[in-house]
Structure formats: structure tokens, C-alpha cells
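Heads up, the next two complexes both have chain A, just with different partners, chain B and then chain C.
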Partner chain A sequence: MDILAFLVDGLLIGFVYGIAAMGLTLIWGVMNVINLSHGAIIALGMFGIYLLFSLFGVNPYIGVVLVALAGLITGMLIYAIAIHRVIDAPHLSTLLATFAVNMIIIGLGTSAFSTSPRNVDVALGSIEMGPVAFPATRAVAAVASVLVTGALYYFLYRTTLGKYIRAVTDNRAAAELMGIPSARILALSFGLGTMLAAIAGGLIATFFPFTILSGATYELKSFVICVLGGVGNPVGALVGGLILGSLEGVIPAFMPTSWVPVLEFILFVVILLVRPTGLLGRKK
Partner chain B sequence: MSMLKNLRNPGLWLWMAIVLAVGLWPVITQRASTREEIFTVLLSVVLASSLNILLGYTGYVSFGHIVFFGLGGYVGLFLITAYGWSLWPAMLAGGISSAFLALLLGQAILRLRGAYFALATIGINEAMRAFINNFEPFGGPTGISLNFSVYNDYGGAANALWMLYGVMLALALLNILLSYVVKSSKFGLGLLAIREDEDAAEVMGVVTPRAKTWAYVLSAFLPGVVGVLFFFKNGNIEPPQAFRLHMSIEMLVMVMLGGYGTILGPVLGAAGYQRLRGLLLTSDLFKNIQLTVAGVLLLVIILFIPAGFVGWLRNRFPKLRRFLP
Partner chain C sequence: MPILEVRDVESGYADVQILWGASLFLEEGRITSLVGGNGVGKTTLLRTVMGLVKPQAGKVFFNGQDVSKVSAHKKAEMGLILVPEGRQLFVQMSVEENLEMGAAPARAKARYDYNLERVYEIFPRLKERRDQKASTLSGGEQQMLAVARGLMADPIVLMIDELSLGLAPVLVLGLFQSLQKLKDEGLTLLLVEQNVQMALAVSDYGFVLAHGKVDLHGPSRELSGDEHVREAYLGI
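What follows is the complex of A and B.
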């Protein structure tokens, strides 16, 4: 019975992990950039909800929508300022450029909010389904994650802009020749990626306490999930999130919780070695 | 013979002399505070120069290079506390364990290219930290602490600090020399060829898997040695300080700041970064946003001076190249 409860708990959180990883994987897939400011944006999402809630009394779920918009704009700005100049440079440049953005955000965040833990109190009670009970906030977050995934899927596969993004992903040079404004599409994709990170941060803030440094943990998890689900594959990211979430839920039933990260990162390295395109990724 | 001829580079010896002179400064003035400042710089020089052998020469980005510093420190302190080893063999053992880990890892992860390699190194550092956190012989989450009496063998704590400083200076000089010897050897040329185009290098006869692995091993050895030195001086070691990802990235920043692939770059990068950090930390205006200022600086360098300070000087003043190894 216990293990079922752990599993459900882990799966629900896994949906949110999936959203975080989707942001990372989208950027990685479209422009081959590993966004090391991902964790900082997740933390900004958390604090966005927190500030809206504590200063203006905005309902956290409405807060998530506002934070998503802010995330989109922030991402496009980051792309324009920090990424565009080095988009064709070797990997090291984009890795360090995004890390520099991470340092800037964390530095400002630490001086503004210190590193003391905060939380957003959302009282929705808990849901009981047969033998398992879980907090309703997690269920709402899971549903929101599925909706976001659906919306992203619709955007990428059913709209012209989405088609442009996919074209730039496949072959940027060819897309440019077809008249697609690739710089703007890259900026938009980066914005979408950070928007997803901000949403994930906002949703996590509704059930876990956090500090300005919390994003780093979720960034590392996002790497693991990206590799699990295959780079550039949004649905893969969601599935990867569910796998990671359920592992986190179930492993503590068999061994001390402190072993969870050991297994996670070993899994990560092994998948990178054995199947770098991800468990669900297409073969190159 | 050719190696001896290679060593006749005026720039190399000029800069070795400068590092030696700066290193001896606190010994002459007998000021402990200056000694501590320069100790940190020398530690950074060793870490950044070592990373440069992999990053600067082969172009492989190791984001988790600090794993070798932490592992070396742990092995050394374990041997000192559990088996009563003296510091010197413990330092050697720390270096060898790190080099051995690199040898094992090298076989596996150096097959990955570009960003995948960088991610794998992050994964390995995090896995190692999480593992050591659970590893009882190394003290689990509380780590290993030295008994204060251990410094008695080295003439008491005050003397030990001066001695450790001297050893660090010697290691930094050794590292600069090693970087130079590697770069000017045939092996080093192979590494530089890998950086420019790995497939072409392979076609031209560079046995790339072997060359990359040895570069990785070389770049892991001295971080392991100074890991023992640093944590011996520190008196204790815990998983979060031993495998701090942030420190790993600081190493990358130093190499980029000074100019990757050059001998002098990591040295000046380390000195410049630590000096700047010290200035920011003591300034009332920037104390709180120290990280932000460092981030802006890093971004400006990446965007506008990607070759780093020494690389920029070399391009701007080609005649000075002899003096800017």
C-alpha cells in the first residue's frame, strides 16, 4: 500500500519535472545550446509567484500565468543580449554565456531575497483516491503540466510559428533560405524554453519550500530527464519526468533517501554513454 | 633533444621567474595575510592550468573537473587519518587516484563530443558527491576531520602553514612547466589538432582516443595532489566543499579570462579572477552583488574577447608572442 502512495506522489511531481525539462530540451533541440541559466529562471518563477502572492495577494495559479509571460519576455531578452552573438561559436561559449546569465540572476536574487527559505501557502487540502491520499496542490500542478504540454504540442505542430521553429531545428540554413527570420525564431524558442522553466518553478513553489538557490537542483534533474527522454523531444521530456519522479518516489522504500541522487546521476551517465539520443529519442 | 631545445623559450622562463618572485614575496615580508591571499591564487593557478591541458588543448569542456580535486583530497585525508600516512605519500596517492579515475572515465566518456561530454562530467561530479555522502569509510555527510596534533610532525601549525605554502608554490611552477612541455611536444600538437578538427586529426594519424585519455589523466593528476594539500591545510573535508560545482565553473572562468590554450592565460586568469573577487568582496558597493559583477565580466569576455586576455594580446601584438607563451 505504502509503495503505491509513494509512486503516486512521485508521478505527480514527475509531471512538473517534465515541464522543467521540456524547457531545457526545447532550447537544446532547436539551437543546440545547453541553457545553464535554466535553474536561475526556475528560481525566478518561484519568487515570482511568491512576490505576487505575498505583496498583492494574487492567487498562485493566476500568478503562474503572469510568471509565464514574464518568463517568455525574459528569455527573449536573454537570447538577444547573451546568446545571439555566440550562437555559432563552439559549445564552451554558449555554456559559459548562459552560465554568466545564471551568475547575474543568482547574484541579484541573493542580494534581494537572501538565501533563507520561503514558501507559498496554498491550502487545497488533500485528495483521497481509494487507498492513496495526496495533496491537491500536486494534482493541480500535474493537470497544469499536462495542459502546458498539450498547448506546446499544439503550438509546435499546428501553428505557422511552430512550423518555423521546427524548420529552424531541422536545418537553420535551409530555413533561412526559405525566408524564415531565424534570429527571431531562435529568440522565440529561447523565450518558450525559459517560459516553461518559469512555469515549472511557479508550480513547484505551490508545494515545496524554496530558496533563490533551489533552481540548481531542478536544473540538474532536468538534465537527467532530457537525456532520458531524448534531446528536443517535448513528450519525451514529460515521460522522462514521470520516470524520474516515480524513481524518486519508489527508491526511498528500499534504501535511504540519500542514495536517490547517486542512482539518478549514475543512470544519467550510463544513458549518455549507451544511448546519447535518449531512451525515447530518435536514432541519428 | 628537441624537448630541451623547446625549453629555450624566453617567455616561459620570464614568467616562471615572475611567478616565483610573487610567490616569494610573502616569505620575504613574513606577512601571513599576504601568504593566504597568494596561496589561494596559486591553488587557482594549479587548478586552472590543469584544466587548460584538457580544455585549452583538446577543446573538451570538463564542467565537473573539481571531482578530481575532491577525490584526491578525500583519498589523502583518509590515508592520513586511518593509516597514519605522512602528507607526502598521501599527496602522491591523492594525485594517482584522481589520475586513475580519469583513466577509467576517459575510456568511457571521452567518446562523447561537445556538450554531451560537458554534461557527463557534471553528472560524474554530482554522482561522486552523492556517493561519498553515503560512503561510511569517508565519514558520510560529516566527512573526515584531522586531529590538530597531526601538524606537530611538521613543526606545529604555524610552521606547517609556511611549509604548505612553499609546496603549493613549487606545484604551481611545476604545473606551468608541465603545461609548456605538453604543449610543445608532439603529443601536444596532436591534442591541438583534435581541438581544431577531431576527425581530420584522426585521419592524419593522431590516435585520438589515446591522446584524449592521456590529456584527461594529466589534467586530473595535479588537482588530486593539491586537493590533499588544500584539505590537509583546511583540517577537514566534507562532500559539499570537496565537490562544489561552482568551483569547477570558476576554473573555467579563469581559463577563459586569461586565454584558453595558452600557458600564461590560466595563470593570469587565476590571478586576475581572485584579485577581482577579493576587491569586490571588500568593497561596500559590490559586496552583495559580487556574483553579478563576475557574471557580467564573464559575459563581456565571452561575447567580445573570446580569446581571453593573453589570446587578445597575442593577436594584437604578434611580435610579443615569444614573451606570451
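What follows is the complex of A and C.
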């Protein structure tokens, strides 16, 4: 097969990885919390569109919009219930709190859906561009990811509420002194982070089979991408996603697919050693 | 009735108590100064008034209402604004975005255009640099921006922690003159200063804080004539 085809395939998936990582990096950037429930939320996003589709016949792309809304609300609830009380505690507390949320979601999910694989059957055929052909679902997912990134930037830089998030990120005490309700802004930010995770999950489900445990893989990828792009940097997350996606596309052309994670994590360690702030990260 | 009253407040951090029954009051439309040496608890008093530090004992009244347990952003919403020590700007945001963030209270949003114009009139330098990141401003400009951001909140009471710190005397004088003008428009001000001489020169009434308590208070002119104050703080 043509290497170009592999590359395009990987890049398209890379966009989706990018928004998954963006969710992780947003939460870290705003409140210094490493969200270990990220993968579980991605899995919920997958099951969200699966259930809407199989039970109510909702079109998976409309399903993604509904899942996004549900992700936003779920995230704000998780923040209010599990995170806010430990937000000023040492990192171990927030790690454990989000890990507990992760275990609860995975446990409930396993008992409800078992761990057998599901898939959402979206038949859009394939798109041919010159020598390259790729599934249309991946192209739609890539376009959707770009739109989501644009919307996130518009929100953060052009709306008052988005600017409040940046102000709280910059200096939470000062924001509070200026009349910005920082606790509510943190909840909203956590909600946005989980919304991005849920959208990524929903989009991935349109072209890959999944189980309730699938989120863990994408959570790990998100960590690699965050380190690639620089933690706390949404555009870096997208670029990191594209790098990771293209690696995943191209590596199988040269060696067995099982080598993909090995190489990914070697890259992860090398970047941590050589450029701990990430390829696009700010130097401190 | 004073617009802001702090009554017998005890507060501090973790195991260290810093304030031991501090009391002060602000009369409306007047510039009040709170002076004292380094480490006597001036900043802790301000942080306690705003609710960033919870008082262990004592009460804070704003506009006749007990606000001891009200959170900082709600106090800002009520018109009680602190310009914190060390400026605490949103350094990654532009000058104008900083000013926009200052106008978070609903009462301030309604007067945004008017206040923005007024603030740019007082600090024309900020207007020239409106699109620059706050982190790229000079020290003096950052202090202007911190005060300007506070003014954007349309405060009833504006408290400024160490306005003069690290600034050239000419700049400080200019800032104080601007504050005098705002006072004439009806703003109530609390200046918290280590620079005792300057603070007493521009304020109407003064409080001297020592060892976590208010040592003495009175009209600023009397305080600067007081032998104890002259000896302890003015070095005369």
C-alpha cells in the first residue's frame, strides 16, 4: 500500500486525538489537576452515541452533539462533587479523586454493558482524492475536530465567560478579587474538558469498535500528546495529535502494528528528557 | 455610620496568628490610610476584609451589613474592591482584557464604556498600550493597570495595598493626585502603605497598625504631628 494513504489515514485520526488531548490539557492548564477520569469519560462518549443510536435510532453525528452537552454537565457535576473540596490540596489528592471517579464509571459501565466490544455502524463509504482513499467517517471526524478547536478558541478569546476562564487560569485569587466567581469558572472549565473528551469518544466510535475499557488507551495517548504539544496548550494538543496520528498511520507500513505503542512511549520518554516543556511548550 | 468597619478581627495563616483584635473604620468619601512597618499585618488585614483569609474572630461590616462570611467575589459584586499587593495582574492577557476582567461585577458592566473612557483619561499610557500583554509593561505601568482594573469594577470602596512600592516618587505623586480627583467624585479610599509620611500627607484620616492591632488613629495631620508616630515611623 501507498505510504501516503497510511499518512492521510493517521492524520485524520490525529485530529480526533487532538481534541481528546485538548480536554486533558485544558483542565491541567486551568486548575493544575491531572484528570484520571479522562479515559472513562471518553468511553462514556462512545457508549453515549452507541446507546442513542441503538435504542432511539439517533444519527451518530447528532448523537455527538447530545453527548457533548451531557459531557459538559457531567463534568461540572464531577467537579462539584469530587474535585472542588480537594482543589487546593496537594496533587495526590486530586489524582486520587479523579481516579476514584474513573473507577466508579468503569465499574458501573462494566456491570451495565460488560466488556464485550460494540460498534456503531456508520456507512458513509470512502472518499477518493487522487491516489489516496480513506473512509468518509474519518474525514467527517477530522472536520468536526477542527470546528471544535475553532469554537474553543473563539470561546476562550472572544467571549466574556471564556476570558474569565483565562483570567482564573492566570491568577485565581486576583480573579476572585475582581468579582469573578472562580469556583463556578473552575467547574465550567472541568465541564469543557470532559466535554472535549466525550466528543472525542463519540467521534472515535464512528470508526473503531470499542468496549467500556477502551478509554484507557486514548487517555494514555492524550498524555503523550500533551507532552508533545506542551501541557496547557490547546493548539499544541492539536499539533501533538497530528504527530501521534501520523506516526500511528506510518509505523505499520514498516513493522508490526504491535510496535506502535512501544515507539509512541519511547518518543514520550525522549521528549520528557530532552524538552520537558513539550515541543510547542513555553519555556519557563 | 462608617461605610466599612472592621471590628476586633483576629486572623492569620495555619498556626500563625497575625491579627490580634484589629479594628478600623472608613468614613464615606474620605481617603483613609493604614500605615505601619513591614510585617505588622496590613496585607493580612486586607485579605481578611475581602474574605481571602477567614477571620478566627471579629466581624467585618460593609454598608451596615455583616459580610464576615461573604466570599471575595460577592464582596466585589457589592462594590468593595481590593487592588492587591504585588499587582496580581492577568499577565497573559492584554491591557484592555485586564480592564475588562476588572468590570466583572454586574454594577460595573452597566457602566463599562463610561469607566473605560475615564480610566484611559486618567492613565493615557494604558490607552496607548491597550493591546499589549500586561507582562510587557514597565513596573509603573503595571501599577497603573492594577489601579485602573480596580476602578473598572466601579467600586464604592477601593482599597490599595502598597501603591507606592517600587515606584519613582514622581509617579507616586501623579497616582495620588489621580486618587484625590476620584475622591472628589465620591469614591472612598483606603491606602495601605509602608511609606508613612506620604500616606499621611495625602489622606484625611489614618490608622497605625503595630503587632496585629491598631495602635492609634486620628486625623492624618494630627498623626503626622504626633511625637510617637514621628519617632517610630517618620524618623524625625
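Basically, the second predicted complex is superposed on the first by the 283 of 284 C-alpha atoms of A that agree within 3 Å, B and C clash if a C-alpha of one lies under 4 Å from a C-alpha of the other, contacts with A are read in each partner's own complex, and residues count from 1 in each chain.
Following the convention adopted for this analysis, contacts are C-beta pairs under 8 Å (C-beta built on N, C-alpha and C of every residue); 3 or more make two chains touch, one makes a residue touch a chain.
Everything numeric here is computed off the predicted structure, so don't read it as measured data.
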Side-by-side fit of chain B and chain C on chain A, or clash: fit
First, second, both or neither for A:164, with chain B first and chain C second: second
Partner touching more residues of chain A, whether chain B or chain C: B
Touched partner set for A:177, first chain B, second chain C, both or neither: second
Where the C-alpha centre of chain A sits as vertex, the angle toward chain B and chain C in the overlay (nearest 10 degrees): 90
Touched partner set for A:55, first chain B, second chain C, both or neither: neither
Touching partner for A:123 - first (chain B), second (chain C), both, neither: neither
Which of chain B and chain C A:111 touches, first, second, both or neither: first
Chain C versus chain B - closest C-alpha approach in the superposed model, Å: 15
Complex contacts: residues of chain A adjacent to chain C: 160, 163-164, 166-167, 169-171, 173-182
Footprint of chain B on chain A - complex, ascending: 28, 32, 34, 82, 85-86, 89-93, 95-97, 99-104, 106-108, 110-111, 216, 220, 223-224, 227, 256, 258-259, 261-262, 264-266, 268-269, 272-273, 276
Chain A contact footprint on chain B (complex, rising order): 55, 59, 61, 63, 108-109, 111-112, 114-116, 118-120, 122-124, 126-127, 130-131, 133-134, 141, 245, 249, 252-253, 256, 260, 288-296, 298-299, 302-303, 306
In the complex with chain A, residue positions of chain C that touch it: 50, 52, 71-73, 76-77, 81-82, 84, 88-93, 97, 100-102, 104-105, 108, 149, 153
